[in-house]
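Several structures are given next for inspection.
Shared between the two complexes below is chain A, which pairs with chain B and chain C, respectively.
Moving on, here comes the complex of A and B:
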């Protein structure tokens, strides 16, 4: 099997002006934090999945995200140029320094919540990577090119499950509706650019999220129709803040667990 | 009378095939007792893989580096995969996964007692890989040549992955032992807890293992419990020394005459007590599996209901 420890060496940074380099660092960090936090959440299912096949599938997605995380942190460390490592970035920053959107830190809940969270993320992630693989920033494009193949599988998995739960039993439908009502409010943050993202979009280094919207909406509409779920009528207040370091209460606990060893035994090699 | 003679001759023919090392395949005739023994052993093995995900799963969210986290997650995922191949191998004998799981959840079917011990520090991830997977490999490598074909073939794949798992466990121990004093202490403390329970993984003493003789005759099993336990000690004592650790057994000494290590007596009271359900984690491990199954039931029902609706729609369209 393909063992995740065998990663490509960290890519070399290409020449950017210092301000752009800083912005790119923040953006890459945001993507890395996002896949780390979601991968961590999915890994919480390991050994507790609803059926063995889905336990395996969720661990698989978690592993893909973790692999992407490592490439992104390694590249972020290169962009920053301060000698920090992937582990310094993952384990030694406070919650307020994390840049992941709120959606991915939301708890697993029941399987329907996990599926909805994954679907909202995958639909964004896949389409983002598809465009990002053409970024003029070669290292970022390289990471996107590798990860987009995995993201396509993730989107297939979460779309199929959303359809099964929506067009399954009365209970699965009720659970799905509840999960949609809970998590929909976090979807908009994914494609709402921060100032950093907007600046990079202006430079053409990061795709315009508005341009991703039609494909994302078309896919969501198709999946919801198959699931016999009307496009959510409710329009909850769109929660955002994670990408700016303002998180929900959940992230602190996640990081307390994630960072436990590095915090309890500082400066050691594992 | 005629039937009995026919059966006797079938038994003899069966044994002759076993003796000639010809693999038994699902469609071949086999004695009921052979089938039952295999279902018991394979399902027990599958359950051990699935329950075995829990003690290591306990550290996935706390792994100390991204690399360790990825390796540990991949390892626990491999165990889920092993569980799947083994359930499939047992299904070729006519057992259903639902029934096997029901037997696990009711406590009727057993799984390896080693997983009823808690994982209390990161060094336990090292010990589980190095010692527990090490013991599992010794038990399992001979199973690649076991007489039942689907089981033997599943084990070839399982053993390849297990040997990777064991290396990663040893490597965690090596890193700890080459690290700060606090890391080495963590490694020794974990070894102290895991040493004796891993010796118990080979099962009761040969004199108290009622199934061994028949299983050896059927070539389901190829070495006795005590033979494997000795092999394990001979392999692991020098490895512990290499790491700079001490196994918690004063009697573990090289015996020049026997060309093997002597070692102390396993606490068989503890062994039987944990087998009977009194280990620290017996209750929690089983509860975790039952809970996952019960809470997952609606997911499976939804998938089946959806598949049925889809099939009905396609039938109408066609």
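Moving on, here comes the complex of A and C:
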């Protein structure tokens, strides 16, 4: 990340009580970890995309997510108030401290796999941000207001590709079916509130995920119908745990690469 | 040349200096053309410039903040803070008419107003009609919604066949 000295977030007054401030810190950190991990995954495609245009698309989406990540980590650092910076939060926390849902740390697999992972995330992310931009917490609402415009492009991209793959060739359909069968079970964790999220929802600072569900389901149903794919049922063994710090083995390898420079050369700057 | 008789910079002078700072990725545009400077405030010798990113991940933001610092320093302003403000979110509506003309002359199609995002369910919808900045033809085709930078899409002219960047309405 860039050296932040020349550009600082606009100052914001934090009026929350200490308990709420801690909960908000955990929630913002969870969102930041989620965008960072998925942004990193997408950036792994850079130079390996199936065609140049889609290589560019995935790198662009990764960049948007990393931009959102920075805003979120900067705000998390302010909420925490312990002197940690955005870089400390990204580079110096172990996998068990990361709070991203399991979906986003899943490996890229083939292009269909990446598209399905992205679609499940985008459908949640876009609708979350759309509601979050009205949060009474002004800094969080500001980040959501900025990022939702970008998330709209992401959702359009992943929706259209899911349709092309589903309603494409026998090969693309077979790959899409496999990706859906593998990844659908990770979707439920996105909108299953943790105790922290539930507490913030009660305070009205975070949108009620139940209220997001109709729009998310309607969009998913529309896209799957266009793709001629039957709606997968949520697997009863839905995978979850990442938001509580219990991750798949994949996250450790991802962070080993992402954090390598700061671990090997602490405090290194460009 | 910079200071008032008391040595303090004036707000008008700061705006003049900012007009000379350009977007590192589209160097024909000043940051005022781009519409990313939200405010300037002067309190004695202390100057605060507030800018807003075009896109969250715009890698030019830090470079722009540094360029602002260097330009103002050369103009005699030493006490400077540059703030990054996300809300209200930047929109291409804030790009000046002069900026749009400069973009076209540079070979980048300027944003077509009223075609911003917010209609994501319009899957496979008709792409925004963009005139070719090179030959002026309206017979152009969207190649990729994601282009060489976060703020641009890639088009191709069906008449002169040249590919070109389109500064997306946002």
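In the analysis below, the second predicted complex is superposed on the first by the 256 of 270 C-alpha atoms of A that agree within 3 Å, B and C clash if a C-alpha of one lies under 4 Å from a C-alpha of the other, contacts with A are read in each partner's own complex, and residues count from 1 in each chain.
Just so it is clear, contacts are C-beta pairs under 8 Å (C-beta built on N, C-alpha and C of every residue); 3 or more make two chains touch, one makes a residue touch a chain.
As the structure is a prediction and not an experimental result, all values here were calculated from the model.
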| item | value |
| --- | --- |
| Partner chain(s) touched by A:126 [first = chain B, second = chain C, both, neither] | second |
| Partner chain(s) touched by A:221 [first = chain B, second = chain C, both, neither] | neither |
| Chain B versus chain C as contact partner of A:68, first or second or both or neither | second |
| Touched partner set for A:157, first chain B, second chain C, both or neither | second |
| Chain B versus chain C as contact partner of A:262, first or second or both or neither | first |
| Contacts of A:97 with chain B and chain C, given as first, second, both or neither | neither |
| Which of chain B and chain C A:142 touches, first, second, both or neither | second |
| Residues on chain A lying within both footprints (that of chain B and that of chain C) | 3-4, 53, 56, 59-60, 63, 66-67, 70, 163 |
| Chain A - residues contacting chain C, complex | 2-4, 6-11, 53, 56-57, 59-61, 63-68, 70-71, 126, 138, 141-143, 145-147, 149-150, 152-153, 155-157, 159-160, 163, 219, 222-223, 226 |
| List of chain B residues in touch with chain A within their complex | 50, 53-54, 57, 60-71, 73-74, 76-78, 80-81, 83-84, 87, 122, 161, 164, 172, 175-176, 179-180, 182-183, 288, 291-292, 295-303, 305-306, 309 |
| Complex interface listing, chain C residues touching chain A | 50-51, 53, 55-59, 61-62, 65-66, 69, 81-90, 116-118, 120-124, 143-148, 150, 154, 170 |
| Residue ranges of chain A in contact with chain B within the complex | 1, 3-5, 36, 40, 43-44, 46-56, 59-60, 62-63, 66-67, 69-70, 73, 86-87, 90-91, 110-111, 163-165, 167-169, 171-172, 175, 257-258, 260-262, 265, 268-270 |
